[in-house]
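Chain IDs A, B, C, D, E and F follow the sequence of writing; residue 1 opens each chain.
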Amino acid sequence: MQMFAKKRIEILIERAVLKRLTDELERTGVSGYSVAPLAGGRGRAGRWEADGQIGDAAGMFALWCIVDAARLDELLQVVFAIVARQVGLVSVSDVQVVRPERF
Amino acid sequence: MLALAVQNLVSPSVLFFGMGLGASLGRSDLSVPEAIARFLSLYLLISIGFRGGAEVAHQGVTSGLALAILAGIVLSAGLPFVAYTLLRYGAGLDHVNAAAVAGHYGSISAVTFVAITGALTQLALPYDGYMIAVAAAMETPAIFSALVIARSGQGRAKGEWSGNFLREIALNGSIVALLGAFVVGCITGERGMSSLKPFLLDAFPGFLCVFLLDMGLIAGRGLRDGWRSLSPAVAGFAWVMPLIGAAFAALFAWLIGLSAGSTAILMTLGASASYIAVPAAMRLALPAANPAIALTLSLGLTFPFNLIVGIPLYIAAAQTIAR
Amino acid sequence: MLALAVQNLVSPSVLFFGMGLGASLGRSDLSVPEAIARFLSLYLLISIGFRGGAEVAHQGVTSGLALAILAGIVLSAGLPFVAYTLLRYGAGLDHVNAAAVAGHYGSISAVTFVAITGALTQLALPYDGYMIAVAAAMETPAIFSALVIARSGQGRAKGEWSGNFLREIALNGSIVALLGAFVVGCITGERGMSSLKPFLLDAFPGFLCVFLLDMGLIAGRGLRDGWRSLSPAVAGFAWVMPLIGAAFAALFAWLIGLSAGSTAILMTLGASASYIAVPAAMRLALPAANPAIALTLSLGLTFPFNLIVGIPLYIAAAQTIAR
Amino acid sequence: MLALAVQNLVSPSVLFFGMGLGASLGRSDLSVPEAIARFLSLYLLISIGFRGGAEVAHQGVTSGLALAILAGIVLSAGLPFVAYTLLRYGAGLDHVNAAAVAGHYGSISAVTFVAITGALTQLALPYDGYMIAVAAAMETPAIFSALVIARSGQGRAKGEWSGNFLREIALNGSIVALLGAFVVGCITGERGMSSLKPFLLDAFPGFLCVFLLDMGLIAGRGLRDGWRSLSPAVAGFAWVMPLIGAAFAALFAWLIGLSAGSTAILMTLGASASYIAVPAAMRLALPAANPAIALTLSLGLTFPFNLIVGIPLYIAAAQTIAR
Amino acid sequence: MQMFAKKRIEILIERAVLKRLTDELERTGVSGYSVAPLAGGRGRAGRWEADGQIGDAAGMFALWCIVDAARLDELLQVVFAIVARQVGLVSVSDVQVVRPERF
Amino acid sequence: MQMFAKKRIEILIERAVLKRLTDELERTGVSGYSVAPLAGGRGRAGRWEADGQIGDAAGMFALWCIVDAARLDELLQVVFAIVARQVGLVSVSDVQVVRPERF
């Protein structure tokens, strides 16, 4: 099958801020995104585990978004405006898709 | 008073808290699945809210209720300023973290509320059912005070007071659950209570034990990891602030003429610190604050302090104070 | 009848549904963890199934049971054709979506079943325990009718009637849980019931409230997001179809001579629409259908309609009809 | 004895196990969410532990307790050697897998423990509350025996007996939950029990049914997938070993003079095999072993064998043996 | 360590169809795959969240499969035969592994 | 935005061994890692599902770690010392990040 190159932005983000991020992404008109729960991790803010956490702020998610390379920079701006001051991490990688018109 | 302290100390829920604390300090891998922990806090909020509502349905709305709610709001909004002053100038915590922690101490802890009502019931000391409404009312004002404090220091990101943000705070899931169940309780009253009793009332001590086991696990993790980031002065705050909060609450209770039981509850609310609703608001509003500090203080130090030392003290004081 | 409608409206479970609806329409972030939601639906199915089985064990298998099951199967298989006609030609919904929605309305809603039995118990109107078996029997036939309808329109992907697919439908987890618990209830009868009573019976209203809170949240989300994709005619279907389904059911109940209570139940089953087992089958069988349409109709419009308007109506009608 | 076997067979919990087994052998997609399954095992351990502790608080610590615990430890440490010999030389299982499976059979099954105490209660045959402490004590020694066995064969990776590893085993979450709840039960005694009764006692049979449904689902999956990897001899081991374990336990019980009820319990503990705590330890210590073998044997073959054949047999034998 | 290039196929798929996909993958003889739960997302079919969903159809999963490039096309055919008409998304990326013989 | 190339190590690992791995990673001084739960999968050891599993060993996780290419080999050594004999899988891919100094 013929494949087309796209970019995959991955953002690790706190539960409390997730909704802000998805609202903002939708406003920019991304075609879609996916969110998966994290079970734990470690970063500058130390080690954490999802298990047992109480409180509405607890938990982190990985959100990723497959986009056209042309839109990458614009989206990174949007993402960083929200994520920069929070616990979190942004990375970008290359992927290939079959139906380029979706993104 | 000592007898009550001891009895409080050997209640199953406190022991389960201790068990969790010990397990996680000892690095056991015991854990409560995330979904269960989130369900348990939903359950507690619904159970507390519903019972409060059913009580109000039973006793009717009085002017005492309005006054007590007012007192609660003033306390919740005012205590963060006291807490901030202590933390910033007494304990030397930096501006943003001091503001965030202060927000936690203005708000209240639902489980500590449960503990005081349990103790009062055991002592057969009556209290007003509407105190749950007071507790609910005290959840949020502290958040706004924390924001005012944080802002006063330095220019902060735009959009913080936007309608959007206010809605995020007001429609926080925990607050909706608590108030919603309160309203349901008010409407369905005794008829509703009789059908929900086995789940919301009889099973409550059991679910509470699992929740407290979990709280112990988190508190232990916090103490283990966060030990180094807490100066002795900041740690000391976690034991001093409850007494100050309780003292202010006692004053207010006296002013509006609450009964001994309700006075003890208002004192406990003033003395307790949030770990369910406020942390989420602080992550949104003050992302630069380190969430581990507030959580370790409120869950690891203040919560056990209130259970073991505070509650017996507040009850004794309330009995002296109340007119 | 009005009194019953009001009383139904202010039962804790309906109010919790309303609370969830309000919270999600207001964009609160209140939510029930996925694992808990799945557990609650497993719990409801097991509890309903087991109680039905225990009832049958108590009363024995009668010819009435066989007749009622037969009536249920015919209803479940037949109603989708009625629903499809209404949707396709009355409301102008496209072929595949009309077929998928029709499948939901032939099948039944377990929670609506619980609501009608609760109302009958409150009115002290007796009904047959085996009606749970009828409910279980009505779960699946509608799925096959929906497939027949969908296929009649256009050639569809191969493999759709394969043994594999039939097994997927028949061994659907929800149906296995419901029927399995029914069998366990039949075998263990009163002895089993006495040991499981605190969990399956006494705690039921409480678990149901949390489940309905969750249903309200989903319904609200569906209404918020799906509003635009629903034409007024399609939305109207969600309030007309229950009455038609109930009317057919009333006819069948009258033909086989059911009691007033059982007639009311069969009418409610005919009037209610599935949101647990059928959506999964439709995703497998009719992937081109938009799942949000059926879910919003059945959960957001038909379910509350049945609770508030339908059930009192069906009971009143059943009391007139039953011989 | 046959009557008891039949009655055991038609208890709701066994039937739910059968329902799960059937559903997963038939490839139904019925499942219990992971978080719920983990909560249920936490609940069972806490409930069992707490009740044991409350019993000990009631009856006091006796020399019988110490002796019984000692017997349990010796059994748990010794049985793996018997099991290994059978598996390695009788059934031809390879060295590492034989050692790992042997570890499971030295340890105990909490649910089988519940089943035997249930049967004894039904027969009004008294037993000592401290047997739960014996069960807890039997959890871990088998793990170390399995390591000794595995090591004796071949040089193994370093670090296996490090303090770290021992702590991992001893602070295993399941063991901490069981022993912690036992201690809480000891301290709070009857007062604690009365507040936790609705949750820990009354709701227990219900939660147990869901847990057993889940165990049936896993056992079925294991049997379906693992069928080929089990030789008939290895499968036979799962029905022979319980009898051998029970025989050794009977000898010990007779030596220390246990009552008939307690003898039956010790026999059941000897006969049962672990599937909660030991698998985790074996993954850490003997990663080369295939976890599916032990799980399929203990859950798919030994567990139902003990429920249906074993327990009635052990009770009958215990009544003959006990002095 | 020496690394060998492989392909990673990632498929976002509904719960109801997951079993069909894994059965089919096993039939083609893939050496393995992994499945992780999603917590939410947005696509052409709108926004959805895992939390609170009832019903046996609710929920989506990310399934990924590390395979040899030589088998990529064949597997994509299999995958698309199942996923094409459903809610879902397929993407491919490059990974490196240490033990090439496993795939 | 300017992006910097890093490596992403992904390790699929059993619950029982996860803590060993994270402890070891922290000892080597990685700047961070993330862990996500798996719902099921298939490998040489057969098919498994997270749902319904009982026991403290049940379940698998995906752990990933974004690191500088210079540290890749060292970390792979550490990882393989733990994972080699267990059920599991290690793969490496390329990612790009905005703040290179974090890794």
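We take it that contacts are C-beta pairs under 8 Å (C-beta built on N, C-alpha and C of every residue); 3 or more make two chains touch, one makes a residue touch a chain.
Only a predicted model underlies this, so the values are computations on that prediction, with no experimental measurement involved.
Chemist: If each step moves to a chain the current one touches, what is the fewest number of steps from subunit D to subunit E?
Modeler: When the steps are counted carefully, the minimum from subunit D to subunit E is 2.
Chemist: Tell me which chain's centre, taken as the mean of its C-alpha atoms, is farthest from subunit F.
Modeler: Of all chains, C has its centre farthest from that of subunit F.
Chemist: For the interfaces C-D and A-E, which has the higher count of C-beta pairs in contact?
Modeler: Pair with more contacting C-beta pairs, C-D versus A-E: C-D.
Chemist: For subunit A and subunit B, what's the span in angstrom between their mean Cα positions?
Modeler: Whole-Å distance between the two chain centres: 33.
Chemist: Could you put a whole-Å number on the gap between the CA centroids of subunit A and subunit D?
Modeler: Roughly 45 Å, centre to centre.
Chemist: Using the average of all C-alpha atoms in each chain as its centre, how far is it in Å between subunit A and subunit C?
Modeler: Here subunit A and subunit C have centroids separated by 38 Å.
Chemist: Using the touch definition from the top, which residues of subunit C touch two or more other chains?
Modeler: Within subunit C, residues 29, 31-36, 38, 168, 172-173, 198, 203 contact more than one other chain.
Chemist: Please set out, as single numbers or ranges, the residues of subunit F touching at least two other chains.
Modeler: Touching at least two other chains: 19, 36-37, 39, 47, 56, 93-94.
Chemist: Indicate which of the five shapes (line, ring, star, complete, other) describes how the chains touch one another.
Modeler: Its topology fits none of the listed shapes; call it other.
Chemist: State which pairs of chains touch, listing all of them.
Modeler: The set of touching chain pairs is A-B, A-E, A-F, B-C, B-D, C-D, C-E, D-F, E-F.
Chemist: Can you list the residues on subunit D that touch subunit C in the complex?
Modeler: So the residues of subunit D touching subunit C come out as 10-12, 15-16, 19, 22-23, 26-36, 198, 202-203, 205-207, 209-210, 213.
Chemist: Which residues, counting only subunit C, touch subunit E once they are in their complex?
Modeler: Touch list, subunit C to subunit E: 31-34, 37-38, 40-41, 157, 168, 172-174, 211, 214-215, 217-218, 221, 225, 275-277, 279-280, 282-284, 287-288, 290-292, 295.
Chemist: If you look only at subunit A, which of its residues touch subunit B in the complex?
Modeler: 14-17, 19-20, 37, 39, 45-47, 49-59, 85-87
Chemist: Going by the contact rule set out above, which residues of subunit E touch subunit F in the complex?
Modeler: On the subunit E side, the touching residues are 1, 3, 6, 8, 22, 26, 30-37, 61, 66, 93-98, 102.
Chemist: Report the residues of subunit A in contact with subunit F in the complex, numbered from low to high.
Modeler: Interface residues on subunit A, with respect to subunit F: 10, 12, 36-44, 47, 60, 62, 73, 76-77, 80, 89-94.
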